[in-house]
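Naming follows writing order (A, B, C and D), and every chain is counted from residue 1.
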Amino acid sequence: MLPPDLLSAADYERHANVRLPPAVWAWLEGGSGDEASLIANRRAFESWSIVPRVLRRSGQGSTRVRLLGQQLAMPILLAPIGQMARFHVDGEVAVARAAAAAGTQLIASSNSSLPISDIANQVGNSSWFQLYWQGNRERTLALLHRAEAAGCTAIVLTLDTPIQPASPRAQVAGASALPFACPNLRDLPALPPRSLQPGDSVIFQGAMADAPDAEDVAWLRARTKRPLLAKGVMHPDDAALLIALGCDGLVVSNHGGRALPSAPASLTVLPAIRRQVGPAALVLMDGGVRTGCDVFKALALGANAVLLGRPQAHALAVAGALGVAHLLRLLHDELSTCMALAGRFRVSDIVCDDLLANP
Amino acid sequence: MLPPDLLSAADYERHANVRLPPAVWAWLEGGSGDEASLIANRRAFESWSIVPRVLRRSGQGSTRVRLLGQQLAMPILLAPIGQMARFHVDGEVAVARAAAAAGTQLIASSNSSLPISDIANQVGNSSWFQLYWQGNRERTLALLHRAEAAGCTAIVLTLDTPIQPASPRAQVAGASALPFACPNLRDLPALPPRSLQPGDSVIFQGAMADAPDAEDVAWLRARTKRPLLAKGVMHPDDAALLIALGCDGLVVSNHGGRALPSAPASLTVLPAIRRQVGPAALVLMDGGVRTGCDVFKALALGANAVLLGRPQAHALAVAGALGVAHLLRLLHDELSTCMALAGRFRVSDIVCDDLLANP
Amino acid sequence: MLPPDLLSAADYERHANVRLPPAVWAWLEGGSGDEASLIANRRAFESWSIVPRVLRRSGQGSTRVRLLGQQLAMPILLAPIGQMARFHVDGEVAVARAAAAAGTQLIASSNSSLPISDIANQVGNSSWFQLYWQGNRERTLALLHRAEAAGCTAIVLTLDTPIQPASPRAQVAGASALPFACPNLRDLPALPPRSLQPGDSVIFQGAMADAPDAEDVAWLRARTKRPLLAKGVMHPDDAALLIALGCDGLVVSNHGGRALPSAPASLTVLPAIRRQVGPAALVLMDGGVRTGCDVFKALALGANAVLLGRPQAHALAVAGALGVAHLLRLLHDELSTCMALAGRFRVSDIVCDDLLANP
Amino acid sequence: MLPPDLLSAADYERHANVRLPPAVWAWLEGGSGDEASLIANRRAFESWSIVPRVLRRSGQGSTRVRLLGQQLAMPILLAPIGQMARFHVDGEVAVARAAAAAGTQLIASSNSSLPISDIANQVGNSSWFQLYWQGNRERTLALLHRAEAAGCTAIVLTLDTPIQPASPRAQVAGASALPFACPNLRDLPALPPRSLQPGDSVIFQGAMADAPDAEDVAWLRARTKRPLLAKGVMHPDDAALLIALGCDGLVVSNHGGRALPSAPASLTVLPAIRRQVGPAALVLMDGGVRTGCDVFKALALGANAVLLGRPQAHALAVAGALGVAHLLRLLHDELSTCMALAGRFRVSDIVCDDLLANP
């Protein structure tokens, strides 16, 4: 049923490239601007080695991890990706099912192809919900309520793209003509028209004026009992502020190289953020994770768990729910093997001394 | 009217390559010698990342900047490039018009295809004037007077090429056979013949003897009321000397990799020059600026504004004044977006802590 | 008889590539995972230079070395490689003969194509024996006894692959379908079936439960009078532990990039291991050794001798025992020349000051 | 007469590649072993930038330099290269004529295609002589006397290749079958046969036993009144020893990447050698010099002058004496331009502060 040469995330990527229409592929893969940030994500992982150990007793070893009171089979979640119907007719439902089967979680995007309630109903299992700020508090609250009504067990507020620079690859390939629907946002209260003054910037006085600030986060914090995480954090001071505002966790992320074109790799800024927020805070990361060794490196540098972005879309495109479940199994086995050979048998044992910077 | 895939300076470069005759292209693109200096300019930008910030209030954000009492819509000027008629029949006039429309300035070259007075008349707006030393004071003064008569609002004295090493690419492509006219220099007082002694060097006792020294700059300073900038400064001591001689500003530049073949990137020497001259001095830079993030990086490392060299020629070649105006709009938007995502809403807020050296 | 263009290990590699069936080639060459570890092995050698010296008296110069009381003509042994019949019908016998002719040693693999007794008989000379732990003490002891019975003069216990991650290259090429026989392991006492509990990991509670720990090494140490070396050591603490457990020597190795996919180069970790165990301990290394200069670098960075992995398979494939003997001669001459030009005429004179890190 | 696109040493290299028979080309270009040392020579130059200066008075500027009491028009000599008849029928004579015309010196090789006396006679001008040790003192003295009789004004004793590792490129291309004649060595006293003992090494007890040691250099020093330089010095201690033995100067050189395969770049070790021998000692260097900026960098890092190796063969192959003279003119002009733009108008003014290490 699955092609026999699907042995790693790289194989799924290769197969997906062949199957997906060029415009969808370009939209999925592209990074903003000159893709420096996208490239940096991979380079950062390649710049570390893991030191093997021998003779360690594996005893009760496992990849299990507790996050926000939930037990996960592995420290790998599925990152929010909008418009998943572009990859497979079953879209988010397939991914959520695969996540449940693999003992982990999908973080369903605000921009999902299906309403969050439909995903929850069809999967019979609740996801986490990725929340985009909707220009003002009223609209954002309405969307939050939809997620809560669908039983979402955590809210992940994405902060890194109040404005999103274009991906040249995607533009050239005609991605803007792809069908686009955001049923989660249907019939939200209307956004009052904003009138720019002469000399005003569509960016500073336009899009950015619709972005949330610290008070908005404090306000949102007070509006939900669900754990609230902030996604797209790249500076230690922002990390500290968000924790101070009551966030239950952070996702260190440059949006897969799709936000600020010259952003550093998420992995590069991770250690300073972990130092800033202390060992107790919940810190996830994403951007460039492709192998079990990558997961290990992210954990060693300070993450409690990682999110997987594009690879889930590759697996979804190749083989639907089955593909995603299989991909998660491959990553689980790679991580287990990596931990076993590095002599770390529990996720919480992994430390930065297990790594060596490549010369 | 414009091809639909013109989304960045890189796109204009690609299109211009196809349109321009090979000799013009080679002359435009080539660097001196082995092009190490040309390549270094781009590498230097690629070696820095910009750290994204979240939750910042954009308030009165804008890309505006005041330079020498003039208000510019963005910290991006158009560098002096000679012989612009090689790229488009409208040459400097088209560029100056686009600059005016975009709220910025052209620095018209001594070697413009049109007399500076014609540019001023046709555009109905005054440029800055780039002044090449003309071998002695009398000739230089005559040229300065032409620029002043044309209403030029600032004088930029280029110092980095008393002798200009060949670009191999340009020579092989036959660029020396391209038509060449410098109407600004027509009918200047004649340069007295210089007789070299046996054993004299055409370089040291020849070309270099016609180059200005510190006393010449002091002399020139006293001859004009316009702001005087020195272009082609790459060493902190030279920067300090020029400020001491009364210059109103500096352009850190290796002449786009067309002067000393092994010169470092301008961006590389910028921070030490800023440190040397202090925060109040006006420091511009050019060489390799291609994106809004590049502009941001140059500002973070000490520049008050940047100059754009080859990209204006690309845009001019592709679509005349419209192309240049469009290119400036693209760069303006890229810079705005970059500032917004880096949480810096005014040009003067950008600091070197906003950057991270790539590992 | 030998093709005339066989002048270095690189030539043998090229020739072997043409001769071997693709599946065998992929299995031989491949590294685990993304091959980062495999690539690192070569990069590490390339990152060092050797400083030439002049005017030194070569006197009694030679490449000879004493290891464990045995005199070797050069500090180069032949690493254990399983299934050598895949490269040449004479398999391990050819290699052992070439080793004997060249005055060095084969370390015969547990997974040899021929029983260790047959190798010993046909060659009329005893090898070292590479021992894989066989899941429990009883089975391991039985295998050890076979090696001792065959007269093996040293035991090399490989510790780095209690579980071995796949080589994608080999899998895609169909290497798993290659014939595989391990006569050394025939009729060992059966391994008691292990029943995993629900939720158990096939890796942690499965394969890793069959791996030896420190007590097993201590136990093994007490079971044999032969020198015991531990292979696959990459961390200074593990090195110290193994010496403390009574091992007579170590092989610093990442298994030729076939164990932990992100492992550093063996050469990279070698100096810290040498520092940890002190100058008297026997420390061998392998991974990426291809030239006489590579051997010199490994010795300078702390090894007493090196092991040659894939190159022996290349030479075997190209020309059987003659090829391996010729390859050893080439490496011997390269090492002699390198030592002569570096002014080091005895293996024990080579020190890390002879090297310069490449800028 | 000369092709019009010969504008730099790189152009001569390109043209020579087309003209020379493949075996000659491979022999000329090849480095020993994996060519790491050859590649390092170029990389080392590329790793430095030169900081441009402005406003400096060039005054009495020139590239002239005094070496050993001789006035040279530029700090560039022609390195000894054997068998120059392989490149052009006029061989060493053409090169020596070009050197004289350009105001510099050829260092004629012991292995010249013509006897040193013939070169002197035909050129009517004396070269320096590169001396290879001839196995013992008697033979070496005989050769020295031939050079002195031919009026050679300096003796350059090459020490770096008592044994010379093969260039794989040259071997594969069949260079060993090229005609080879060393008329300088004809009828030297015979070398007594050396009988190796069993177990002896052809390298340590063979070739190396014929190499000179410190006492031989002291002996040689006492045998000639001409300035004596040692070529192939790469370690500060060897440099100090040679000066202590009475040498008048050194050539820092890895023999153009043709001696120890892993040797560092000559440029890399130059500063430490200059530091060791102090500012007064005469230190030349070669290896990878291709442009005027390269010459400048070598001077800045401690050399009094450089030697040009392969480029002279390229120019000789393309256009005989005229080509070599033209090449020297190009390099002279490049160096003058570089000095002019770096604000250093005398060779002795160039200092390491003029350089910036590339990031």
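By our rule, a residue touches a chain if its C-beta (ideal position, glycine included) is under 8 Å from a C-beta of that chain, and two chains touch if they have at least 3 such contacts.
Chains and their UniProt names: A, B, C, D = Alpha-hydroxy-acid oxidizing enzyme.
What you see is a predicted model; the values in this text were computed from it and never measured.
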* To do: Quickly list, by label, the chains bordering both chain C and chain D.
  => none
* **Those chains which touch chain D and also touch chain B** => none
* Could the interface between the copies chain A and chain B be described as same, meaning over half of its residue numbers are common to both, or is it different? -> different
* Farthest-lying chain, centroid of Cα atoms versus that of chain A -> D
* Round to the nearest whole Å and give the separation of the Cα centres of chain A and chain D. => 60
* **Between chain C and chain A, distance of the C-alpha-averaged centres to the nearest whole Å** => 42
* All pairs of touching chains, please: list them by chain label. => A-B, A-C, B-D, C-D
* Structure fact -> Contacts from chain B onto chain A in the complex sit at residues 5, 7-8, 10-11, 46, 48-63, 291, 293, 296-297, 333-334, 336-342, 345, 356, 358-359
* **Touching residues (chain side chain A, partner chain B) in the complex** => 33-34, 36-37, 40, 43-44, 47, 159-163, 165-166, 168, 171-172, 199, 201, 203-205, 207-209, 211-214, 217, 230, 232-235, 238, 241-242, 254, 259-264, 268-269
